[in-house]
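This structure is in structure tokens; I'll ask about it shortly.
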Amino acid sequence: MRDKKVCIIILAYTVLMIAISLVGNNFLLDMVVLTGLWAFAAQAWNIAGGYSGQFSLGHCAFFGIGAYTSSILYCNTGLSPWVGMLIGGVIAAIVAAVYSGICNKLKGHFFALATLALGQIMYIASVQLTSITKGSVGINIPFKPGFLNMIFNSRATYAYIILTFVLLLTLFTYFIQKSKYGYFLYAIRDNERAAISLGVRGLQLKMGSFAVSAFFTAIAGTFYAQYILFIDPDSLLVLFLAVQMAIIAIIGGTGSYLGPLLGSVILIPLSMLLRAKINFVSGLDNLIYGLILMAVVLFLPDGLLPFILKIFKNRTGKKAMEKYPKGELNLDAKV
Amino acid sequence: MFLQNLVNGIFVGAMYGLTASGLSLIFGVLNIVNFAHGEFIMIGMYITYFAGALLGVNPILSVLISVPVMLILGVLVERFLINRIINSSDMAQIFLTVGLGLVLSNLALIFIGGNYYSVRVGYATESLKLGSLLIGKASFLTFIVTVITFIVVSMMLKYTFIGKAIRATSQDRTTAQLMGVNTGFIYTVAFGLGMVLVAISAALLTIMFPVYPNIGNHFVVICFVIVVLGGLGSLPGALVGGVIVGVIEILCGYYFSMGWKDVVPFLVLIICLLVRPQGIFGTRT
Amino acid sequence: MKKIWLTVLAALLAVSLAGCGGSNKAETTEGNQGDGGGDIKLGVILPLSGNLALLGNEIMDAINIAADMKNKSGGINGKKIVTERADAPDPNAGSTQANRLVNTENIKMLMGTYSSGIAAASVPVAMRANATYVEVNAVADEITGQGYKYIWRNVATASMMGSNASKFAAEYIAPKLNLTPEKLKVAIIHEDSSWGTSVSNGVRTKAEEYNLNIVCDESYSSKSTDLSPLILKMTKAKPDVVIASSYIADAILLQKQAKQFDFRPKAWIGTSAGHALGDYAGSLGQDAEGIFVSDLPGIVSDNGLDKDAAQLKQEFLTAWKASHETVPSGVTFGAFCGAWTFFNDVLPQCKTFDAEEIRNIYLGLDIELGSLPDGTGVKYGQNGQNERATIVVEQWQNGALVAVWPDNYAAAQPASLPLPAYK
Amino acid sequence: MLKLKNVDVLYGKFMAVKQVSINVKKGEIVALIGSNGAGKSSLLKAVSGLCSSVKGELIFEDQDLKSYKCHDRVCEGIIHVPEGRKLFPRLTVMENLQMGAYSKKARSSSKETLAKIFQIFPRLEERKNQLAYSLSGGEQQMCAIGRGLMSLPKLLLLDEPSLGLAPNLVKLVFDTVKAINKEGITILLAEQNSTMSLKYSDRFYILESGNMVNEQSKDSLASDADIKKKYFGLA
């Protein structure tokens, strides 16, 4: 462990794990689990959206593929979701790679809208293919606790698992970011043509990063299914879910492995608390959530991470900002 | 029957085209995907509904009220919100409008409630008979208004000075600036004009659809598809894209399956993106 | 070094947020129940925002009216019923909200949920925490019969709702049209979400039992912007009866487009939801006249009610009209009755408010048909399903939905059969 | 007429132009010479107002340019014909030219200006109803210059007018520039094609990676063999 940052990440993880073991409140554990789940999903989204500049609004498709694959296999053949999770991940990765290849030439909004279409197609397919997915009635996963079933009595267990997932994915992302692939991906994001002309294999890298992103998103989907124990098209394959993954990453700050974590730690508890506490007028919680979203975009268009780092910079007088490669947020990208 | 379905498809397509036209204009000029488009439609529909319920105004005439109101709303939204993120990342722009959409639909829920309100007009359910062909008066009316609106707006864009400036800005905003165009002003004008189109389409939608806080969800995704299909900011493109989607969707619904018909627009979109990424009427850059 | 601090900060933030959130909630709610003092808290999980907001909020109002009525008449042995609203527009939120109410707010009695999908996610959470769950609306068959001990559903299931429509078509409409059930041509159409799908399954199963001639069977999305292909398909199939399971926007659109294309079956039977809402008739006016609705009983004839029930119905309607323009539909009545039974017949007998105790009380209940404002009674099976839940057929007559079938609930005779041609 | 003093142009943290001072007198053709990335375009953009983060003094006819927004500078008589022509691709030639006369001042007399421009570029008149993207490179350049002239400029900023054109067309373009100059329009030209600029301009400035290296008039060049060799390939 020569790398200091890795030590820190692992330290933070350990602290959190210990903290969880001390928390007895199930609502808090639920919050930790969901925050972890969305941090994981946003981190996965960020591999495509933040690193290689493929702004997807269709990641709900991969989330759904993951959840459906493992659940169908588990309910019909009894196959452990731990295995089903990997199968779902691989299927999602293949779909993603193909789709990314198809949409290779599309940029910005057009890519986003094309991926949005993928999510919608998956939604309709899951509603219509009733013999496989049980359609919109959804799949109830029977509550049979057991490690192999990936179903647990205690929410703390779910919290341990998802935090471990987050840790592994964060380390993975961190090493990617540090490796030459990270620089290739940044290069593609910032100026694809130039990067390709310098010998970066753009198409393969984009397809690859999209596939990896989809793989992890599908794993998040399986985890979700095993946690909620009920899946249906309306809770998995809706645009809102895809938007949520992207929002968390963007609000936190794309292009860094800390951004999605930060976004999730702030947004998920916020929305849960709003929903729990602002319940006297129907819709007020969503209204406030919307206002907060708008405020962040308006006042901190680069996300929260650079903002927080700036505070640190001012405090410590060090140039923390420069360590973070700027995302697609620079003005030149628009000109 | 085929002819009947074809005609229905064209009418539905015209409705789609008109509904998407405001989005298309805004997308084309400001290069912003407006995820609050559905909520703007919702507001337009509420204005039409209340104009009918409180003042007894026919949906068609209600545009006299809804157009100015929506125009002002559009100008305010552009000046105070959109304007500030015009140079931000694509995603930041999308999320501003996502947030705005959340705010608007929940404001409607809080202040107007979740009820489904409809304007009741006789012609909503009446039809004209052409041989064995039945043409719904409301659909026909929508079609006529769509065509007139498109002609008027296209003429405006084609022949007025500001129209040319709007087109120039949508094609190359930097150079437009160099030619002395105050692009900030053009954005406001374009957004306002887009909202006028939304107001007109919303008034027509109110004839057939009840309005409630989430009605926009019924239309917004299809509008995205049409805008991309037709080509960025191209009004004729929006109309043609709408008709293509409408016709294929209706034929698929009749001859194949109602349940699967909604997948058609997306498949058409993907195929189109593969073959002609710039859209039917778009320019390759 | 900055990253170290940042990570530590993030961790601390998460922990402290968790910590403070927990402590203040625990203080305010602990020891509220079963210790002789304070109020009786009931968590109500409903979609109060989003697509299902209209009925979600109506049901919330109905439950609150029931609670107010009980509180005004002295409450539960002197204690007041307090409802804690929990907005759950989707299954994920349903699970989270159930968890919050049960584990953080320490509420061991929940009510809900209207949407079957949301119930599917929230009920298991409550069951795992041994909390009581009173389901007053969600109709999916799967909610009961999963082996859960503490779920109580007073209303009928989706399959009952659907099969009742087929039964009405076969047993009432066919003879009126001088047709045998085998000759009766039926179109089954439904919106393709969970609700429409499960209801239409009931329709289909029963229709096959009666050997009805199914000439058209289609699903569609409730967000459809045009339903003309469906209407034209039906025009071609020429059904005598259409049985439609729709939400509201699509139900309105269906009817408008049916008229546009001059499609007029001899009878049109909607099932609950869209067809039963006041906004449906409000939107369609004359065109809603004569449409049948297979629904949970709403405003039924006083003939089928005992005296107390009739009076309770009036009280409820008076309270309702004070804040609503439309009359409550069967779904809302079902919620009121489910809540009322819980407040009036279950809670007063409780000492510990423990789920097991409530289970015993529920299983012991025996309330005759006609003793509740919607004409139903109460007798729960071991699986938690009310066996005296009823489905009736209502019809839009002069802008109001009146029960017309079966006879003991009928407030009026079925009219407009076959439906007259459009004017 | 145009005075730049110690001008810096920044893109984010990257400084494209450092401490450049130039001076353009009325009626002159002044060329900015330098290789790709030397900061020529950035300097023109600073003058036309396209770059917002500019430090230093920008004086045009005794007024501080920095207080004017990009579109207002057109009214003041500065027009920028950008690198790569940047015509509006789906506007017709005619509409492109009309866009040039967008400023209020130019709009009123646009008909006469148009006639004049068709005189200079008869090809444009033939193609006036064609969409701009369908023009050939030389025609596009003419259209771009014509469009610039439509604004009745006092100062014409020309960025790489010869880029991507065949040699005979390059000569044509420069001849046109000279002709325009004779009409009394001052021209500031950014060019990589140093030989042509040298031939047609009155004075020139040499830029190298954002710094100004030298200022020369045509006559003084004769005495500076270094510059001659380095930038013009002349022995």
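Residue numbering begins at 1 within each chain, and the chains themselves are lettered A, B, C and D in the order written.
Everything below uses one rule, namely that contacts are C-beta pairs under 8 Å (C-beta built on N, C-alpha and C of every residue); 3 or more make two chains touch, one makes a residue touch a chain.
The structure displayed is predicted, hence computed values, not measured ones.
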Inset, instruction - Using the touch rule from the top, work out which pair, B-D or A-C, shares more C-beta pairs. - result: A-C
Inset, instruction - Work out the mean Cα position per chain and let me know which chain is farthest from chain D. - result: C
Inset, instruction - Between chain A and chain D, tell me the centre distance in angstrom, where each centre is the average of that chain's C-alpha atoms. - result: 49
Inset, instruction - Determine the centre-to-centre distance between chain B and chain D, using the mean Cα coordinates as centres, and give it in whole Å. - result: 41
Legend entry - chain B and chain C, separation of their C-alpha mean positions in angstrom: 35
Legend entry - Contacts with 2+ other chains: residues of chain A: 124, 127-128, 282-283, 286, 331
Inset, instruction - Can you tell me which residues of chain C touch two or more of the remaining chains? - result: 49, 53, 56-57, 192, 221
Legend entry - Of chain C, residues touching chain A in the complex: 2-8, 10-11, 13-15, 17-19, 21-22, 25-26, 48-49, 53, 56-57, 60, 84-87, 90-93, 95-97, 99-100, 102-104, 116-117, 120-121, 124, 128-129, 140, 142, 146, 192-194, 197-198, 221
Inset, instruction - Over in the complex, which chain A residues touch chain B? Could you list them? - result: 49, 55, 57, 102-103, 105-106, 108-110, 112-114, 116-118, 120-121, 124-125, 127-128, 239, 243, 246-247, 250-251, 254, 281-284, 286-287, 289-294, 297-298, 301, 327-329, 331, 333-335
Inset, instruction - Please give the residue numbers of chain B that touch chain D in the complex, ascending. - result: 161, 164-165, 167-168, 171-172, 174-183, 283, 285
Inset, instruction - Mind listing the chain D positions that touch chain B in their complex? - result: 48-50, 69-72, 74-75, 79-80, 82, 86-91, 95, 98-100, 102-103, 106-107, 133, 147, 151
Inset, instruction - Provide the residue numbers of chain C that touch chain B in the complex, in ascending order. - result: 49-51, 53-57, 192, 218-221, 223-230, 232-233, 236, 248-249, 252-253, 256-257, 259-262, 277, 279, 282-285, 287, 325-326, 422
